[in-house]
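Going in written order, the chains are labelled A, B, C, D and E, and every chain counts its residues from 1.
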Amino acid sequence: MSAVLEVDGISLSFGGLRVLNEVSFALEPASLLAIIGPNGAGKTSVFNCINGVYRPFEGSIHLDGEEITGARPASIAERGLARTFQNLALFVNLDVVDNLMLGRHHLMKTGYWAGALWVGRAKREEHVHRARCHELIDLLELGDHVGRPVGLLPYGVQKRIEFGRAVAMEPKVLLLDEPVAGMNVEETEVMAGDITSVREELGMAMIMVEHDMQLVMGLAEQIVCLSFGEVIATGDPATVAADPEVIAAYLGTPEDAV
Amino acid sequence: MTDDLRLLRSAGARIGAALAVAAVVVTPLLISSDFWMSVFIAAGVFALGGLGLNLLTGYTGQASLGQAAFVLIGAYTAAWFGADKGWPMLLWMAAAMLAAGLVGAAIGPFALRFKGNYLVVVSIALVFVTVHVLQNWDSFSGGFNGKSVGGISLSFLVDFGDLSIFGKQFTPEQGLFYLTWIVVGLATLAVANIIRTRPGRALQAIRDRDVAAEVIGIRVARNKVIVFALSGAMAGLAGGLDAARVGFLTPGVAESQLLLSIRYVAVIVVGGVGTVVGAIVGALFLGPLPELVEEFSDKINFTVPLVDQPLLKDSATSEGIMSNAVFSEILFSILLVVFLMFQPRGLVGLWHRMVASLKRRGTPTDDAGPDIEPVATPH
Amino acid sequence: MLRVSDLEVVYSAAVLGLRGAELSVARGSIVALLGANGAGKTTLLRAITGLLGYHNARITSGQIELNGSVLNDVAPAAIVRRGVGQAMEGRRIFGELSIEDNLKVGGVSVKDRAAKQQTRDYVFDLFPVLGERRRQQAGYLSGGEQQMLAIGRALMSQPDLLLLDEPSLGLAPLIVTQIRDVIADINKTGTTVLLVEQNAAMALSIADHGYVLENGRVGLSGSARQLREDDSMQALYLGGTIAVSENRS
Amino acid sequence: MTKKLWLVSALLLTFALFAAACGSSDDSGDSAGSDTTEPTDGSDTTAPTDGTEPADSGSDATVAPDDGSVEPAGDPEPAPGFDGETIKLGYLTDESGPLAILGVPLTTGSQIYWDYVNEELGGVGGRYQVELATGDTKDDPSSAVQEYQRLKDDSVLFAQILSTPPTQAVLEFLKEDNIVGVPGSLAGTWANEAVLMPNGAAYEYEMINIADWFVNDSGLGGVDTVQCVVSVNDLYGEVGLDGLEYAAGELGFELTEKRTMNRNDTDFAATVSALDQAGCEAVYAITVPREQSTMMAEAATQGFDPIWLGALPSYLSLLAGPNFEKFYVALDNPDFNDTSVPGMVDFLERFETYKPDSGAEPNSFFFSGYYQQIAVHALLEKAVELGDLSREGIANAMTQLGEVETDGLTAENYVYGAPEDRIPTSASRIFVYDPDNPPNLLTELALLDSELNDGYELGG
Amino acid sequence: MDKFLQLFVSGVALGGIYALIALGFVVIYKATGTFNFAQGGFVLLGTYLTYQLAVEWEVNFYLSTLIAVLAMAGVAMLIERTVLRRMMDQPAFTIILVTVGILLFLQQLVPIIWDEPGLRFANPWLGEVVDIGGVSISHANIWTVVYAGVVFGAFALFFKFTRTGIGMQAAALDQEAAAAQGISVARSFQVSWAIAGAVGVLAGVMLTARGGDALTPAIGFVALRALPAMILGGLDSPGGAVVGGVIIGVAEVLTAGYLEYEWLGANFSSVVPYLVLIFVLLFRPSGLFGTKEVERV
């Protein structure tokens, strides 16, 4: 089976400072790949390259066999890529439903004219997609929070709404940037449950950047470890966790471990 | 489940809308004074321009002090096509919208590069440049000396300049009142529809967090350009209607046009930033303000202890600190500051809060989180 | 040296932030403050440092004492002058300023130039990377380096009591270990530390004493050892048994 | 320490503001005494002269109520702005906009005139009191039209419409409603507009007069003098330039350098430099005061020292600076402390009696607002005499008005009538800046009506 | 060449005025992150206060300026204390509008207090000119440049070396974080407004001196013409304000002197500042010397 997302030798630099150096990996359909590595290793930069916020100066990225290197974020999103952010990036003045509806923006067609006139397709489309969003809200158990600006909701809920918005995009690939950062064990478990149920229900391929090694070990089929912009290890969780270079650069030696 | 898609969700909103329509129909029947008609036409013009500005600033978060430039462009375009060339009403209206809309679209790309304070200054630059062009493009604008808008057609299906319904003859001012408020009503409906559908949600997403919007597939650049064009077009139409009301146009000096822009911003601030009816409420509140001051100047007049003189003058040579006009200007500036300080969500926000507190009177819930204020510009 | 008694904090629309929190921090110790999101950890720090006003919150009852004097209505700047330094949640470094200027800001409450110079050298000793890049804009530092800068900046005010809000958040396990070691070092120089952490394992590994906040009041407290061995702690905060790293597990 | 600084500053400020609010008026009231007593004393010997002047053709149109030479018609019927007892006059002035600083004293001057009419003459026709209703235009057409609408049904006519844009804006409405209005600008464009009642010499004539005077009578220069012009970008600048260019053509000199300027300009280095480079020896200044003052300061800096030749708006007595000695100006009115002019004596006396409570000194703005009303008064008298204060009645009265005597307050009397019969005043007085003649700081040099004026077509 | 030098010098002097006005804007922006339109009002009120002292009350001119500087510092602090202090957590645009409201208020207030049509405000430099190498420069212009230089120098030292100055920068970036470092945010805001009020007086007095001795309320509006200079230099850079002021001043005067095309319209030079500004911003969106915002996704 061919990879749904292929990152091939991408390099990125800011003002002479090399942030990524020939990073490559491939994501299998319906699988979950975790990227780990020290802060500043370039994990978020990889995400930003994949979704078009940054443009790598060499290498290529293919989504479902189609080259997306250097395309605009909006166009990459339309081709089936969604992401969540390390720091929340919700639309705080809108409610859950509108946030999820925004996730479906690229699946809809209503333009300004049709919207202003509220005719035919605009009206139908609005109803259909709203129904889909409510299904997703039920799946993620966010029903209690409908109708309030999401900026007012607790942090953990916001994180899940952001995840929901990414899922609502119905992407081929979903990028999760530290989905459980700042959560305690209980909240982490709820989020892990959400991720699992979405994978089961919708079969989405995901890439996750996360420091919570327990979560990573529990969910990921494959791990890529970055250090100073380079891939230092790739493989299944057990292999990577045991890799001496990974331990030296990221996990710390067992004596160091708390 | 999709009940939340209805335009007027509550019974109160439906009654309010019906009352608003009734008010528009009835007002000219009750008021024949050209003056009060002129006041309400001017308020309608402010409402229309404010509606556009609210779409731009309130919903998309693009701060602008350039609205007066679009109003001017619309007014002159309407005068040129409608009065000089004698085009019929629908055509000069379309021309005014198109001209101002195109200039708006041309500003759009700047908005992509500049944010917040820088964008505000670019919008000020637009006012300066527009005034300069109008002052100097004699063949189009009449230059410094201005241009008459006499004889502009107000006729489409019915002639608003010479309106007669069921044998009742209306004055041109009354006709223009109907025309203006019909336009305001249609524009409000269009904006409300845009806001509750895909494009409007995209605008709000751009306002709240533009990078995230881009990443979920919203074409930020394209939407910003469109919304600048739309906002400009609405201001342009407002300018055209105002040209028909005033009958004469001058470019004035850039500084005074900047003040006009500020008035448009004040309209939406006082009405409610990021609300559909905010511009209308704000315009109806601020528009007649100087006239109300004039009307009630006796009641306002008290002695200022600091200098032991009455506040208002009742004639040029009598005692008093300031004239009614200056008082209403000062009142305007104070209202602007007070609203921003204590009621940044405007009159509409105040209304919502009152309704909400009436509803939950007696049952205070402690989980009602702190109200967040609308984000006019994410910066 | 710090004593918080029966503290109640209310956010603007009658939302309770703290409902009778009690806490005391002995001079020279490291005290860990644990708890779930929204339990009130950060609220408590804000109350101690006088920053509630920035969040539309205020103390409605109870009191905070530092070395015997009440801190309740003291302005944030004065609290810093009394020897309470803080590395805030989310680091909050001044990204537009250089690293050096960030440290200067940290040192505004210190008048003695020589002492300030000394503290800065000490910070550069603790975090050599900051010294190497001192003229760079702080916004370009990585997350771990930003955390170091935040701690260094807090040290510039030469605090007797250092408050740290989630220093391990979002950091790689190796960096977490480094930070933990630095905290221990700082403590050895005589600085008292109040450490707010999500990562209970990390915090309890260096703390002398710990408190667990639940719903705005202290649910559990005791010595670090007691807490580490407590069953409910194991289940809720220390998680399962994967031994690779205890980062937030 | 901070607190102390704060307190001291706040105290200082409150003190300053407080003292300024009442102090400035008190001070000026005191100092006004010495300046104004002299003319006031003089006026006792010159009894009120309305209508007593042996005017020729205009004798039936003078403003004296008890002239008695014509049998009055019946009492006028109530009409818009006239309830049978009180006559209301509309004033479209700028109270809060950029020209408020002019509009307010102008209206005050008018109020003084009507206070006098009401108190001493018993009103128009000896029986109808006059009230002023003001509307604030903010010098903006849009507000002007709105205020016009507010006042029009409550005013028999508009006795003052300040500045060009508001006048242009309400002109269409005036025509439509057949209401008479006094335009607030002396541009000759409006001389033949049926509903407009201009008074004073048009800017065009003033520029022609001063050019003629300079070239032929002044002894300061001739056709060979290098002459240049700076004009402001508006109607006033345009018509003034038009008159000047006409005069140059007729008199046979060239305008070597022509520059324009905008209101609110702050820098004239380039303008002055260009004038200097062109070798201008005399500069016609069709400009506005603050900017003119800035330009002259810049000229002093660059060592450029020409003769300046201006019109009314380029000169404000109050803004004259120390480098104004070579500033000549053509004005319609006399120096306002010139007690040789009977009308001026009246003005100074009436100003003392009816001046604002704030205790201001007389100045050229109060004066302008005052003397404008003489023609309005004459018109109302005529209308009352004809027994019709309706809009049509007043328009009709204007066609029959004839010459209006101003007792020397204008260089020449305006003759009103049907548009084609009007004879606008075209004479000017030429003044030179004179620091020894406060408060007006002017000394009259000549009074002339250029022969060229006859050949010039206003509004052409 | 003579003409060029003469115009250049005039441009620099005009730039000095712009710089003085802009420095008032910059200090508030740098310390509070607020874009303060009310600066025009400070210029206006400050000038009239100085006039009141120097002319009406016949206090020595320089002493009057000094007293007005202190008084305006007080007014500005009062405004900060009563209005802006309550608005710290509002979005940027809301705060801009509040300052616009204050500007409108002061713009109406001044003509109420000083209700004469035009005032004569003589200054000691009136008519004084020196000749340097064929270029004549008025004393007022020299003083403008000196004031601008001194104020700029004082700012540079203040922000770089004083604890208050450093604290002000930090408070502008993140109030809460600054407070947590022991900076009295309220005090630093207050100081910055006081400085802006004080600088406004100098700017207004020099602006008036430029116009000989004519004083009208229009100078409040004229102050808005410094906006392009400030943005061009970078909102938070005092050095930028000076350089931006000079560039705009020189560009304005030189276009007026040399660029005369019919189709550009009369007084094209008055829009030149904005055109220069937009052109520069297209290449440097934070102005010439402004701090780039560090944007991390």
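As a convention for this text, contacts are C-beta pairs under 8 Å (C-beta built on N, C-alpha and C of every residue); 3 or more make two chains touch, one makes a residue touch a chain.
Everything numeric in this text was worked out from a predicted model, so none of it was measured.
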Q: Just grab the chain with the largest centre-to-centre distance to chain A, centres being mean Cα coordinates.
A: D
Q. By CA centroid distance, what chain is farthest from chain C?
A. D
Q. Distance-wise, how many Å sit between the C-alpha centres of chain A and chain D, to the nearest whole number?
A. 75
**Q.** Centre-to-centre distance between chain E and chain B (centres being mean Cα positions), rounded to whole Å
**A.** 31
Q: Return the distance between the CA-based centres of chain B and chain D, expressed in whole Å.
A: 37
**Q.** Sites on chain B at which at least two other chains make contact
**A.** 135, 211, 255, 321, 326, 329, 369-370, 375
Q.
Which positions in chain D are in touch with at least two other chains?
A. 21, 96, 98, 100, 104, 233, 262, 264, 358
(Q) Quick check on chain A: which residues sit in contact with 2+ other chains? (A) 53, 85
Q) In their complex, what parts of chain A are in touch with chain C? A) 36-41, 86, 154-156, 178, 180-188, 211-214, 217, 241, 249-252, 254, 256-258
Q: Going by the contact rule at the top, pick out the chain B residues touching chain D in the complex.
A: 33-35, 37-39, 42, 135, 143-146, 148, 150, 173, 242, 245-250, 252-253, 255-256, 290-291, 294, 306-308, 315-319, 321, 323-326, 328-329
Q: Provide the residue numbers of chain B that touch chain A in the complex, in ascending order.
A: 1-2, 4-5, 190-191, 193-194, 196-202, 204-205, 207-209, 211-220, 226, 230, 274, 369-370, 372, 374-375
**Q.** For the chain C and chain E complex, residues of the former touching the latter
**A.** 49-51, 54, 75-77, 80-81, 86, 88, 92-97, 101, 104-106, 108-109, 137, 139-140, 153-154, 156-157
**Q.** Partner chain E, residues of chain D touching it in the complex
**A.** 2, 5-6, 8-10, 12-13, 16-17, 19-21, 23-24, 27-28, 96, 98, 100-102, 104-105, 233, 260-262, 264-267, 269-271, 273-274, 277, 289-291, 293-294, 296-298, 300-303, 316, 318-323, 358, 360, 363, 365
